[in-house]
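In the two complexes below, subunit A is the common chain; its partner is subunit B in one and subunit C in the other.
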Partner chain A sequence: MGRDRKTVTAVDDVSLALRPGIAHGIVGESGCGKSSLLDVLAGLESVDGGAVTYDGRPTAEFSRRDWMAFRRDVQIVFQNPFESLDPKLTVREAIAEPLAVHSIDDRHERIETAVERVELRPVERYLEKLPHQLSGGERQRVSIARALVLEPSVLLADEPVSMLDVSTQANILSMLSSLIDELDLSVLYVSHDISTVGYLCDEVSVMYLGEVVESAPTNRLLGEPAHPYSRALIDAVPIPDPYAERERTALVGTPDGGGRDRTGCLFGDRCPDRTPACERRPEPVALEPTHRVSCHLYTEEPTDETAVRTPVPGEHHGGGR
Partner chain B sequence: MTYRSAATGPLETYRRNVRRGLALVLSDRTTTTYLAIICGAFVLALVGPWIAPYEYNQTVYVDGRIHRLATPSLAHPLGTTWEGYDVLSRLLYGARPSVLTGVLGGGLIISVGLLVGVTAGWYGGNVDAALMRMTDVFYGVPLIPFAIVLVALLNIGFYTSIAVIGLLLWRNSARVLRAQVLQLKARPYVKAARATGAGNTRIVVRHVLPNIAPMAIMFFALGVGHSILIEASLSFLGIADPFVPSWGVMVRNAYNSGTMSRAWWWALPPGILIATLVVSFCMLGRKYGSMAGNEGNGTTY
Partner chain C sequence: MTTPLLEIDDLTVTYRTDAGELTAVSDVSFCVEANEIFGLVGESGSGKSTLAKAIIGCLDRNGRIDSGEIRYCGTALTSLSEERFRREFRWNEIAWIPQGSMNSLDPLERLCDQALEIAQTHTDHSAATVDDRFRRAFDAVGLQPDRVTEYPHQFSGGMKQRAMIALALLLEPSLIIADEPTTALDVIMQDQVFRYLDEIRQRTGVGVLLITHDLSVVMEECANLAVLHSGQLAEVGPVTAIYDAPHHPYTRKLLGAFPDVRDPDAELEVLEGHPPKITDGGGYCTFATRCPIATAECETVAPTPQQALESPSQYHLTTCHRSDRLFEHGRSVRRSR
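Moving on, here comes the complex of A and B:
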């Protein structure tokens, strides 16, 4: 026991700041560390090195009391509608739990308001239902109601719609989007699906193997992705037109190919625009005050023999893959 | 408190779970049958001594001579034993110690199993390692020889033999319940409860116990069956209190009398009753476990 512990670094060097009324999206492939990041931010996992600060104070210095205040203010919604609600608890009981934990009164009213907010109407039809009597979309709405009943200021969302069918996705996303404005929520929305992120979020960070490789306002990132990985992700979004001319994404492989042990750029082994400079880890560069990217294609001083290629949109699938 | 008035307290949840569990058992014909047999055994255990026509150790005389090994008749529906005891009366008396052994043994098994399994699974780390290695040690103990030694040391007694059974057989349930808790710990609804600030006690009472309840009930039922069976074995080997007339002791007496091949009415009825009761408990436990496991876990609507 206890010997041979391996350290798996899931998330490294991620800096994010959340602001009220703003939804920040994080996209990346499965296994890139998105969910681990949320667990850390929700205080479910501790950080080794680095800090999560909340209202200007690192969570590592929190007292019991601070934690309770934090837990009241930061809520999380999970991905799998079949596992995000306790199968033994009714909707009312599930939503009442956070209120009971924080000894808040007038529960009836608060529970009903929360259920009303997530558009489960009429409210009384849902309160005594058990999860197996609800559809996937209804369950996710209940999860959101449970998260919102404490009136938090931060909502962490771990792919809350990725397992739902497309029409339900759209309904829940538009509901979330109006809730963000109405309640002035700071939202961190994590997904592998860049199209849902584009729909909901004001700004987006692209994550690869536990690091943020690019972050920018949503329109800018979708319109002019700078990092080769971001471009590949955006190219992979399906276009609902069978005759649309499009270029296929040039990515092969999976993001686990020993990438974390590399000394160079983490994306180096899969990058279509790889250059010798990629043997070193790139530093983040600001293309605009709000648009940052970690890629050697954009570093100021080219290293000796390597000429920096300025990518032209549409011409980024080089590398003969 | 306001907690209860909102009708969202744990008591309400537990009551609903019991109602739904019972409805589930009654929704199936085989489980209903097993439950009926078990209820019948409980009724016998309760009223057996009162409705028995004779005392369990009352020798019956006919014409001044002991009425030995009488075949079944109207006066003695299940005949008599070598000592001239009425077999039916002994069976009726024997229901109580047998059922009591089962319930106490099963209760002990599941109590220790839950305590060890949930603590190990929930706290993890060194607590888990220590408790599970202890469980492994208990796995290494051979039951019957251990019981023989222990009962010899502690003197033969009805309750000591139950204690020996219960304090050894919790090992299976502890392991499986620990695994269940490990699974539940990673469920998003448990993580959501933690993220909301719920403490260990609340999460265990509110989320963990209700969700491992079907498994715990299954292990309780299996434990009851096991305890009855092992008590019968210990009785048969002569390691249980011979003065408590359990069904196992009856089989032993019949065997020891050397007349078992002739007096089928003496040994068969307690044997059949033990088998029926054990099978009913085990089958009810297994079937309920799988029925409750299939229900409401998200895969079925």
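Moving on, here comes the complex of A and C:
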């Protein structure tokens, strides 16, 4: 039925569009601004510069009714299934809550469908359970059912599997992956672990201190990461193979150090490939139509005296320097 | 043969619960050598933390060691009084980094004061010696030595975790038990923590029992590993031997369940269900209800560890009635990369 494109702009220099049936991953270390981005997109935080557009309209112009519709159509799944469910509510009550908030009827059927969708079977056995009677993976399934019961078109997921066992992670990821196809969901998936992002997402944006420094289709980003920060994130992932010879990350420290106030590249202080050019903030460059990176390694101007300049065809060089 | 640093010998640990007696660790045996990082893996609830607490003599009050022995450099810890263990072994010989410990640092006490307290309980070092050692331990884990005077809340999660490791190193133990030391950290921080831990091992020869649910981490950091499922030891051996030819269906499934950045399109193995809680004394394979090749025998007889067929290592054991079958089918399972 072709829902409108949901283009979303938030935080500082983040541009991304969420499209039906597509999962978009956001990766970065803790403290990179991933969760703030999610809060802005969810309308929980106000936009600071830029705009979030939803169905073609900026959320800033929303009326109360628009917000109501937005809150129904855009759902969030949080990181910690141990905290996000009320310990006193049964599965049925927890999933009924959003329906009540939005005054939706025929609850019984909707609740059952939602529980069925997250593969908690037999459904009747789960409906009357309390969170403490469920495993971590089951709780996260309930959180997902709670988000799906309103039949949203957008799902924002904040590290939904990071607290779970890896065996459970695989279950939840493969379930999410089929739900995206089946329900034509637009998904934003936030994580520090690029290997789970690689499994679920079609495209990825790498975020550093509130800015997207690189974005590309997942396989391209994993195969040919351009930004030194993207490479660091990939290199740091342990490989389940004792013969693999992975080098440890060369990055030291954490993303903070007052980087936001700098005029230069935000990653400059930790970057292994730093040059004097990095004193200036890099502009995004398109390496491919769908692969964009903000890093001086890829800008065309000479980066400093020692940088080798590739002559651009047809460019006329005047008489020496 | 020299005596191993740590021997777990046929250990069984139970908890008294409302639902009856829960067997959390069941007839488990393995050894950790000096200068090695030994991995203990399994899903949540498989008994990893219980095992760690049994070693350190810190079981919850409703828990007890039913049978078996734990030996440290040949000394049976299980027959020492709690008092003697605490005085002679805790921290000086065996340091424990409990699960979630970075959140259990006392927020109201400066880190150097916490270090001093530990040192004074277990040694007669002077305050100056302790301070000097703690600063050096900070340096070893990549923290600025001057920051020993700060409070835990001034540190990020990863820094707190490294401060915990520094505390563990303070009295120069021969064995560190690290329970999920990086589970709450992002991948960069995790990699940094392991870099320091490994450097320390190379320099001091400390043995590390690394407890984690992340098999990828174990494949990279450890020489040997043990896989637990509902308190039973499924498989133990060198990581390469187990990776090349897993001899237990659980290990095989676990190995396939991990996403690999080198191959993002690979299908992940799905493990249905969870490790069951054993409240009937056991006497069967705890993996039977989840196992694709279980037979009636698996549900009625507890398997005992067997030498893994055709394994290059004589320390590669599997606890599976069906491992010969599995091995026949799995001869060519080694994933080609």
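Following the convention adopted for this analysis, the second predicted complex is superposed on the first by the 293 of 321 C-alpha atoms of A that agree within 3 Å, B and C clash if a C-alpha of one lies under 4 Å from a C-alpha of the other, contacts with A are read in each partner's own complex, and residues count from 1 in each chain.
Methods note: a residue touches a chain if its C-beta (ideal position, glycine included) is under 8 Å from a C-beta of that chain, and two chains touch if they have at least 3 such contacts.
The model shown is predicted, which means the values in this text are computed figures rather than measured ones.
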Partner chain in contact with A:Pro282 - subunit B first, subunit C second, else both or neither: neither
First (subunit B), second (subunit C), both or neither touched by A:Asn171: second
First, second, both or neither for A:Asp241, with subunit B first and subunit C second: second
First, second, both or neither for A:Ser84, with subunit B first and subunit C second: first
Subunit B and subunit C footprints on subunit A, overlapping residues: none
Parts of subunit A lying in touch with subunit B, wherever the complex brings them together: 1-2, 39, 42-44, 67-68, 71-72, 74-80, 82-90, 92-94, 96-98, 100-102, 105, 107-108, 130-132, 143, 146-147, 150
List of subunit A residues in touch with subunit C within their complex: 29-31, 135-137, 165-171, 173-174, 192-196, 198-199, 218-219, 222, 232-234, 236-244, 246, 248-249, 251-252, 254
In the complex, subunit C residues that touch subunit A: 43-44, 142, 156-159, 185-192, 194-195, 213-217, 219-221, 239-240, 243, 253-255, 257-262, 264-265, 268-272, 274, 335, 337
Of all residues in subunit B, those that touch subunit A in their complex: 2-3, 6-8, 12-13, 17, 126, 129, 187-189, 191-199, 202, 206-207, 210-211, 295-301
